[in-house]
């Protein structure tokens, strides 16, 4: 078993790590860390909001037994050399300071944006851009024995996954996306306030659109000689918040290079889903992408838990009417499962063997 | 005072007509009609749902006094010649049969789609395409003394209003729109069921996208010699339903012909709003369009009631990143006020004088 | 396997029957019936709303494979003699006519109120009043070989279950209950309309309070010599509807005969739960009652699915301040699982053996 | 005009003060104070949440012009002697320290609980217990020239108002109340988190039940010789939070001393409402209590704004079935209007004249 720590373990994403690592075949969680406020408490006690008395646990399952009584450490009590791998769920400003310290000795899988846009850092979606993982090796130039491997923003994940087979089969020229993002995407401290979102839509999420626009192109870009050339298409997004607990819904309009029929896109997506490189991993879903023919799907409440939130659901595939060559569709991605902690766990796969996953030649990578 | 009737008076749109006509300076409501089920009842009694006992009245104000005790007629008891004008809020299939009967003698302002796509029928948004009202005269070839003048679909209204100043100033090449539509847009019989939409988004509204795509181009088209040439741009929509009571939110991406800056679009919209042709009418809002600089606006719950729901609110104006020349924004339009019954009442304006609004030369039109 | 039919199979309760009978050890569903509108269609097609195109299926799981393609029959095509047992999920008026026809030959387990208040009909909650099942035998005087055995109203279920150990241990004098009932309790045709309940509470559910007040006393009454004497306490209810998908929350104030401490009530409830008569049945929950010490529990969204909706959750047990002897608490019961179809399936237990459950001496009863 | 300050002006209650004082006939707001975080900013800027960018303003109307640009002071910059009256909207712990400082020179109207339970402090609901205002004079023994006059908890307000005519006409023995409280009752910093309350009910609000139980008896108690004897009835509450923006709904069961019919209670309530002592004040509602015959009312979304939130709405008046003499009903009270800031402004009435409202004999009181 690989020894792992979760940093930022009491937040929304941190909680998903706790669930994702419960009874995992490869990983043993031996320490959790969070903010000063939580430090020293039992994990389950650190989750309780002092004002309302409510347990700020946000998951269908109860807090897993194995984690309830774990003592929460301060972040600076973490000795990275004690771990084979560290999962971080930190605010970007904190990640910028903390993650390099850990990376000196230990691989870090991060859900923060802090390093995503640096030239020696790939943004990994397992099954989409596995080849870019090799870029991690160049981080040794920073004097790191480990690395920092960030996941994308949760809104990028489903978009990049669904664009991948379109790009590979039909070419992509332009992408125009509108997101209807779930409450859990904003976390719990405090995240979205009920007074703000009840009977409402908030048409703005700070910095979100810029992230998606850059990340999608980097993820789907070409990896050559120690650098990634962003994909050669244009992206424009409008990101909104809607009163939905979990699951980001996105409407996508794509101008393709080649002429394209909905039926062909469906086939391409399903073929890609079937052959996806992560299919055999413990956290991988049975289906990587599902495509609905029912025009009323995907719906977040109904489809988000499919395969425990690891499947990207697509629906309403139809010819676009604004572009000569184009396709439009709706996608749903679970922002806290595939789009976050569970996706991070999925990312930790072992390339060529399981006997020595951390050996250089055989290395622990994506 | 002009004598008017409202047909379909108990439904969601019909109720808005009852409110919009309350104490109106020009119109006197003298008869209301609805389905068999309601016929013979007092208006207020016809609104009550027999199963739950709930008054299916959907408006901030209580049922206006003047309408509470009006006896509801069957539709076929309506004698159109008794009215100067008839407002209809019917399902499309019913409208197709009923409205022509009324139009033989009497102008009909309709919220149904039944006649919108016929070549001698303009789709009027007062302040946007007033000139197209002249097309109504050609309906005399149908043997009608009156006419059928439909409003657009409630999702088209805000889009066409905001595109108008962009088209006039910068040219429009492509429009890609995603709507997040309110519950009231689906009416109340039964409309959207709470079990379907709570904690959810429904990514599909039957026929909605096709309507918007065709209507926007017709409304913004050129009227020449008894016919309308649709505007020469392309439209692509994805229409969704969200858990919001009233107010359709739309994200819009526009490729313009000319290079364009957000600040210029704002100016163009405000200039258009200020000079709009309907500014002096009793139902007209103080502002036709407002433009928010606050990026978190417009929000449906906060902005929908501005100027009693007659103002289209725009926000998040920014350069589009997918097009060389392009602009993107978010709009909010009250689907049951400007987008429906109150818009219909606003549409009934008197062209050149108020002494004889129905005189041919001076005619009752838009 | 016992052959069973479900009548009213497309409604909210009917759907739960389909789920509850999926892969059941004892029951084989061989026919489903519903209204004219659905008859002749495949089950899955009959669920689709024609206006919105939405599949009116309301369950976490997808429509079970075994039922998707079953042809829906008209109710009068059902030959009751073909079944060992019939489950009905009908409106009360229909049940009054249809259930006696079936009962001539076949046991009927009903979720309707039609027969609940007749003197030869027990209202069964398995585990609470099993002894009252003997009353079913007296229905032979109606000339029935079968019987009609109704479940209680879904709001009664959790109340009666939690009152049972209080009554047995401390005596009950008065019960004052306020319910906050879920949307699914009103069904789906159309049930609660989103426009009515968003950002709202409806303080009235027709006939609900009277049902609970009568049923709780009958269920907890004494069965002697072919009749039930209602329990000798007084009940007063106020029933409301809240914007919650599933799970009825109830606040309960009880005046007891004896002095009582919260800790004693907790013990009594847990002891009762542990020894409950249905513990060994296939549909029975691991825990019949759970008692939370966390004062923020039970919460419907978090607690309703515990043990697949078959557990009644209790919390906030504390001394009442209005009565000399009294206790107050909050309970949560899943209105569509234990409170309805799954409770009905649980009710069908076999008294003394499993080899011939329908033999008279050994009879199929509760 | 009386010069007033609002302390805690940026919170939910503070915002209501800003609205309530807008264009008030008697009061001129000359200074606002809030926490360190807000100090020095313009009022409107202090309302904006730094993380989401959302204006945390929670009111139908926009931020009133007169307050937008007011500079927010630190609390310790407030010189109480500069004001005729100070309104405070503080957390209880802060109020305990700050209010006595102000009261040395100046009357303080407080929405905090800090002083409610002290023997020389009345809890005022204008129109209910005006006579108890005389108790304020005894605070001079504290060395105060001013006083601290707290409003009740927002959940107490509607209960006490509706009990008043019942108590006066029929006597009250026991009160059992369940509240379904609105989100705004928990304020905005952060108040209720959307992830906690969507599709949910929280069955617990810390300390709320104890407050209501004590306050209702004090408010309706007898004032004699410088002290208040709590009313001689018993109260038991269960307080819950529901997904409703504004307006606390309460179900109330009352055991009365005398036999009572619903119709008589209705008459008593309406008679009391008509003759209420505050009827002539600027902030007073047209109706103090309304009683609905429609059993589906009151509903929070529909009824809360009646008379700008200053009216308590009652419905479902019916005989109680648990008590020999008893009545039950549902009430709705706007927790942020009558139940908080606007109620506080209403409380500031001038007893005998308007020329010198602060003269001792003519004193500024309730």
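Labels for the chains are A, B, C and D, by order of writing; each one numbers its residues from 1.
The rule we apply is simple: contacts are C-beta pairs under 8 Å (C-beta built on N, C-alpha and C of every residue); 3 or more make two chains touch, one makes a residue touch a chain.
Computed from a predicted structure; not experimentally measured.
Farthest from subunit A in terms of Cα centroid separation is D.
Of the two chain pairs considered here, B-D and A-B, the higher C-beta contact count falls to A-B.
Computed from the mean C-alpha positions, the centre of subunit A lies at a distance of 47 Å from the centre of subunit D.
Mean C-alpha position of subunit A lies 42 Å from that of subunit B. Of all residues in subunit B, those touching 2 or more other chains are 52-54, 198-199, 202, 204, 243, 245, 295-296, listed in ascending order. By the touch rule above, subunit C contacts subunit D in their complex via residues 174-176, 178, 180, 198-204, 213, 234-236, 238, 240, 242-245, 249, 251, 253, 295-302, 315-316, 320-323, 326, 328, 330. By the touch criterion given at the top, residues 52-55, 60, 198-199, 294-296, 305 of subunit C touch subunit A in their complex. Across the complex, subunit D is touched by residues 12, 51-54, 56, 58, 183-184, 186, 188, 190-199, 202, 204-206, 243, 245 of subunit A.
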